[in-house]
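You will see chain A twice below: alongside chain B first, and alongside chain C after that.
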Partner chain A sequence: MMDISQNYFEFLALPVTYQLDLQALAERSRELQKTLHPDRFSHLSDRERRLSVQYTAYLNEAVSTLKKPLSRAQYLLKLEGLDTFSETQQQLAPMFLMQQMELRESLEDVVGATDSEAELEALRMAVERELLSLREQFDAYYQQSTPSAFEAAAVCVRKMQFFDKLGREIEALEDQLFDE
Partner chain B sequence: MALLQIAEPGQSPEPHKRKLAVGIDLGTTNSLVAAVRSGESTTLPDEGGSHLLPSVVRYTEQGVVVGQAALSKASVDPFNTIVSVKRLMGRGVDDLKGLEGEAVYRFAERDGGMPYLQTVAGDKSPVEVSAEILRTLKSRARASLEGELEGAVITVPAYFDDAQRQATKDAAQLAGIRVLRLLNEPTAAAVAYGLDKAAEGVIAVFDLGGGTFDISILRLNKGVFEVLATGGDSALGGDDFDLALARWFLDQLGGKEVIAGESRYLTEKARWVKEKLTDNQSVVVDLDHAGQKISLTVSRELFDGLVEPLVGKTIRACRRALKDAAISIEEVQDVVMVGGSTRVPVVRERVEQFYGRAPRIDIDPDRVVAVGAAIQADVLAGNKPDSEMLLLDVLPLSLGLETMGGLAEKVIHRNTSIPVARAQEFTTYQDGQTAMMIHVVQGERELVEDCRSLAQFVLRGIPPMAAGAAKIRVAFQVDADGLLGVSAKELSTGVESEIQVKPSYGLGDNEIAEMLKASYSFAEDDMQLRHLREQQVEADRLLLSLEQAIQADGEVLLSGEEVEHLREQMAILQVLRNGSDAAAIESGVKILSQASDFFAARRMDQSIKNALKGHSIQEIEGDS
Partner chain C sequence: MAYSEQVIDHYENPRNVGKMNDQDDNIGTGMVGAPACGDVMRLQIKVSDDGIIEDAKFKTYGCGSAIASSSLVTEWVKGMTLDQAQELKNTRIAEELALPPVKIHCSVLAEDAIKAAVADYKEKQAKK
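So, the complex of A and B:
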C-alpha cells in the first residue's frame, strides 16, 4: 500500500553525504514523528492508523540506518548500486585478516589477564582508532565518486564490519566479566 | 498549524463533546484508574474513597469478588483467590515451574501452553482474571465520570514481551475496553513528571513494583518523550522481597514443607514486616505456624542482607540500560522513582548511590503511572488538538526466528524504535522441501530454548526446488503498542503462501469470542448487537475522517472526478451503516478504505512536505 520512492536522505530532507549533521537528523526525525506517529491517528479510522504505522516504521528505519556510521556508509554505497548489506563473500587482504586474528587472540587472552579491565579498555581504544581512520578513508573515496573509488569505499566498509563486530564482542565480554 | 491539520482535522471539542478516556495502571499488587478532569489528571476513588484496588480476584459459587474483599480471604480460601495474576500473564505452564513455592494455585490440565487456574467457578485463564480487575475499574470510571468510555490507555511494564502485551490487550477486549494504547509504565511516569515541569534533558525512571522491575532512560525534548533504552526483569518485584523474608521465617521455624494457606500467611507477615521497616530500624513479629508460636526480631540490616541479591540485580540492569542508551551517568538529569517497592529504604539508598543524586519521589509512587496514562489517554482521545506531546517507545527484547541447530537469528534488535518493520530472507534445508516451520522467538540469548517462544506457523506451498534455492522472506511488523505481526512469502516464484499464526501461550481469537459469549447472559443477541455497534462505530469513524479530509485537502489533492467518486462511495456506506447488517457494514468499510487509500497516502506525503517545509530548498541550494 505504501509507496515511498524517496531514499532516506530525501525523505528526511537531508543532503546526501557521509558527514551527516546528527543534530539535524534528530530534529527532522522529531518533526516527522509529530506528523506521522500512529498516536496522532488514534481517534481516526483503522486505515489511517495502519498507514501511519507503515510510514513511521520507514522513518524509524531511515533514522536508525543513517545514525550509525557503518550502516550510513553501507546505505550510501547501496544508493550507488553496491550492496554490502547482504553480501556473504568478502575478499579482504591477507594482511588485514592476520591483524584481525591477532586482535581476536588478544581478546581471548583478556579473560585470564591480571588486569583484564585495563587490557580490555586498551583493546576497545585500538578498535575505536581503527574505525575512525576507516571512516575517514571511506569518506575520501566516497567523495571521489568514481566506480573504482566506490569499490575502494566498499573495501573500507567490509573492514569496518570486522571492527564493528569485534567492538560488540568486547562489549559482551565486558558485561560478562564485570556485571555479574 | 499545518503540521497538525492531518492528525486533528479541525477538531476543537467543546466541553460537552469531550470524550471520556482513562488511564489504567494494571498492577501486580494494586490497580488504579485515573482521568483528566478540569485540566488535571487524578486517580479515581471507589465509593469508599480508596484509590488503590488490590489486584485480587476471588471466585465463589455466588459470583466474583474483586479487590479488598477478595484480598481479605486470600489465606482462608487460597485456591479460589487469585493474587498477583499479572505474573501469569502471557506465560506458559513451563515458565511457572520457576514460581514454585509461591504459585499456590491448582493448574488445570489443558491443551496448549496456557495455564488455567482451577476455581470453584471453573477453570480460569489469567486473561479472564485480569479482565475482572479491568471490569471493576471500568465501572468505577463510568460511575465517577458519568458516561461511556471512549477508550483507555493501559500501562504495562516496559520489559513485557509480546505474549505478555498481547495477553493484556486480550484482557481489555474481554472487559469491553477499547485500548487507545498500551503504554510502558516508566514512560507514563515520565509524562506525569515531565508535563508539570516542562522538563528537557535525559531522565532515568526506576520502576520497582510488586512483581516487575523496569529501568528506562528517556530523552525529553519539546513535548517528545523518547525512550532511548529500557531494561529490567518482568519477574522481579516487591513480592520477591516478601518471599525472601518468608523463607527466612521458615528457616527459623525449622523449615518444613509449605502448604498453600500457610505460605500465604508467611508472605503476608513478611510484607507487613517489610512495610514497617520503612519507618523503623527493627520490627518484632509474632508467628503462629503449624502449631508453633514464635516471636522474631527483624532488623533493617538483616532484611537488607536478605534482599541484597535482588537489589543488586536492579542496579546491574541500570548500568546496562545506560550503556544501551549510550548515555553517561553524568548526563542523567533526574532519577524518578515509581512503584510501591521503591519505598524500601535500601532500594532508595542504592539507587542514589549509583546515580550520584537523590531520586525524585514527589508524586506518590503508587499513583504516578495511572496519572501519566490518563494524560496520554486525554490526548489520544482527541481532546487536546494542540498538544505537542508524543511518546516514542522502543522494543524491549530482540525478536528473531529459529534457524537450523536450534539457534535464534535476531531480526529486530532490542531497543529499536517502534513502530518498526523488517524482513529477513531464509532458504530451504533439503531438496524438494515444500513447507517450512517458522518459529518466532523473543529474547537476547543465542539458543532458542533460552528465548521466549511467541508463535509457530507453517509456510506451505513452496515449489519443490534444490536445497538453498527457495527464498523465503519473513516480515516482522511491530506497532506502537509493541505488538508483533508476522508474515511470510516465497520470493523466487512470487508465490505468496497462506500463513497461520498460533500464539504459543496466548488465546486464539475463537477462545476470546467464546469467553465474550460466556460473559453475557443473552449470549447470541448481545454478541450480535455488540458486533453491529462496533462496525457502526468504525463506519462512522471512517466517514467522519474522510469528510474532514476532503474538506481540508480535497481541493488541493483531489480532482473533481475523484471527489465525486469518493462521495458516491461514502453515500453507499452511509446507507449500509444505517441498516442493521453488521457483515455488510464491515465489507462496506473495507471497500471505502481501499477506494480512499490513495487519498490517505497523498495526504501523508503532503504532511511530510509541510513538516519539512523550508528544509529541502535550503539544503538543495546549499548543496549545489
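So, the complex of A and C:
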C-alpha cells in the first residue's frame, strides 16, 4: 500500500542514493501510475478517489524531484535535515562568485561575437563539466555521512544552483539566437 | 509577477552600471550571490581620502528586483560616509522599491553587497 508519509525513495521502493538508477525510477513510476489511474477508481468512494488524487500528486512530485541531479541532491540533504531548497542568504567564496560573474560576462559577450555559436557551445561544455565535477564531489561528501560532510555537500549544491541557472540561460540564448 | 514602477524604472535605466579597478586601494568591492535564484551581484565603491564615497558602480546578473536594489544602493551611497553606508538597511530599499515579500531577499542581497564593499575597502586600508 502506498503511503505519502514515506519519503520519495521509500514511496517508490528505490534505494536512498544519489547514484539513482533513472531507468528503475521510470519503471517504478509507470507501475505506480498504472495502479493509480483514475479509471480504476470510478467505482470507489469519494474518500478513496481523493486518496488516489493525493497519491498521484505525491508520485509526480517524487519523480520530478528525483529525476534531476540538482533537486535529487537537495532532497537527499533535506532528508538529513539540511534545507537548501529556498535559502537565499548564504556566504559563498569570493573566488567562486568572481568566476560566476566572469562566466555571465562571457555569456553577454557571446551575443556580439563573430563565432557566437562556437563560443556558446564552449560555454555550455564548460558549465556541463563543472556540473559533472560538482555532482561527483557532492556524492563523495554525501556518502561520508557525517554532519561536516553534509555541510560540505550543501556547499556543492549551492554551487550547482549557480551553474544550473547559467546552463538554463545558455539554453535560452541558444534558442533565441539560432532557432528562428 | 507585477513589478512596481520604481523597479521597472531602475531595471530599464539602471544607474551606475560598470566596473572599477578592484586593485586600487581606494576601491572597495563587494561580491554576493543568492543560491536559490543563482543571482550574482558586484557592488563597488570609490572612497575619498576623507572617507566619503565618491562613486559607486554595480553589475548584477539576476531578476529585476535584484538589479533595481543594487542600482538604487549605488545612487544612495554616493556622498555617504563609510559608516552611513554600512548602516543602510534592506528594509529601506524594499520600501523605496515597493518590493513584494517574495522579493525582499533581493534587497537583503544589496545590503550585503554594500557591507561587503565597505569591509573590503577597510581591509585594504588596514593592510597599507
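In the analysis below, the second predicted complex is superposed on the first by the 169 of 180 C-alpha atoms of A that agree within 3 Å, B and C clash if a C-alpha of one lies under 4 Å from a C-alpha of the other, contacts with A are read in each partner's own complex, and residues count from 1 in each chain.
Criterion: a contact is a pair of C-beta atoms (placed from the backbone, for glycine too) under 8 Å apart; a residue touches a chain by one contact, two chains touch by 3 or more.
Source: prediction; values computed, not measured.
Once the two complexes are laid over each other on the shared chain, residue contacts for A:Thr84 go to chain C alone; chain B is not touched. Looking at the superposition, the partner that touches the larger set of chain A residues, chain B or chain C, turns out to be B. Using the contact criterion defined above for the overlaid structures, shared-chain residue A:Gln161 touches chain C, although it does not reach chain B. By the touch criterion stated above, A:Met101 is placed in contact with chain C alone, chain B being left untouched. In the superposition on chain A, contact of A:Leu92 is made with chain C only, not with chain B. By the touch criterion stated above, A:Gln54 is placed in contact with chain B alone, chain C being left untouched.
In the superposition on chain A, A:Arg28 makes contact with chain B only, not with chain C. Comparing the two interfaces of chain A, the one with chain B and the one with chain C have residues 86 in common. If you check the complex, the residues on chain A that touch chain B are 1-3, 11-15, 28, 30-48, 51-58, 60-61, 63-64, 86, 171, 175, 179-180. Those residues of chain A whose C-beta lies close enough to touch chain C in the complex are 84-90, 92, 94, 96-98, 100-101, 104, 157-158, 161-162, 164-166. If you check the complex, the residues on chain B that touch chain A are 3, 6-8, 19, 150, 180-181, 221-222, 224, 226, 316, 319-320, 323, 376, 379-382, 388, 390-392, 416-422, 425, 477, 479-480, 538, 541-542, 545-546, 593, 596-597, 600-601, 604, 607-608, 610-612, 615-616, 619, 622-623. Of all residues in chain C, only 31-38, 40, 42, 59, 61, 105, 108-109, 112 touch chain A in the complex they form.
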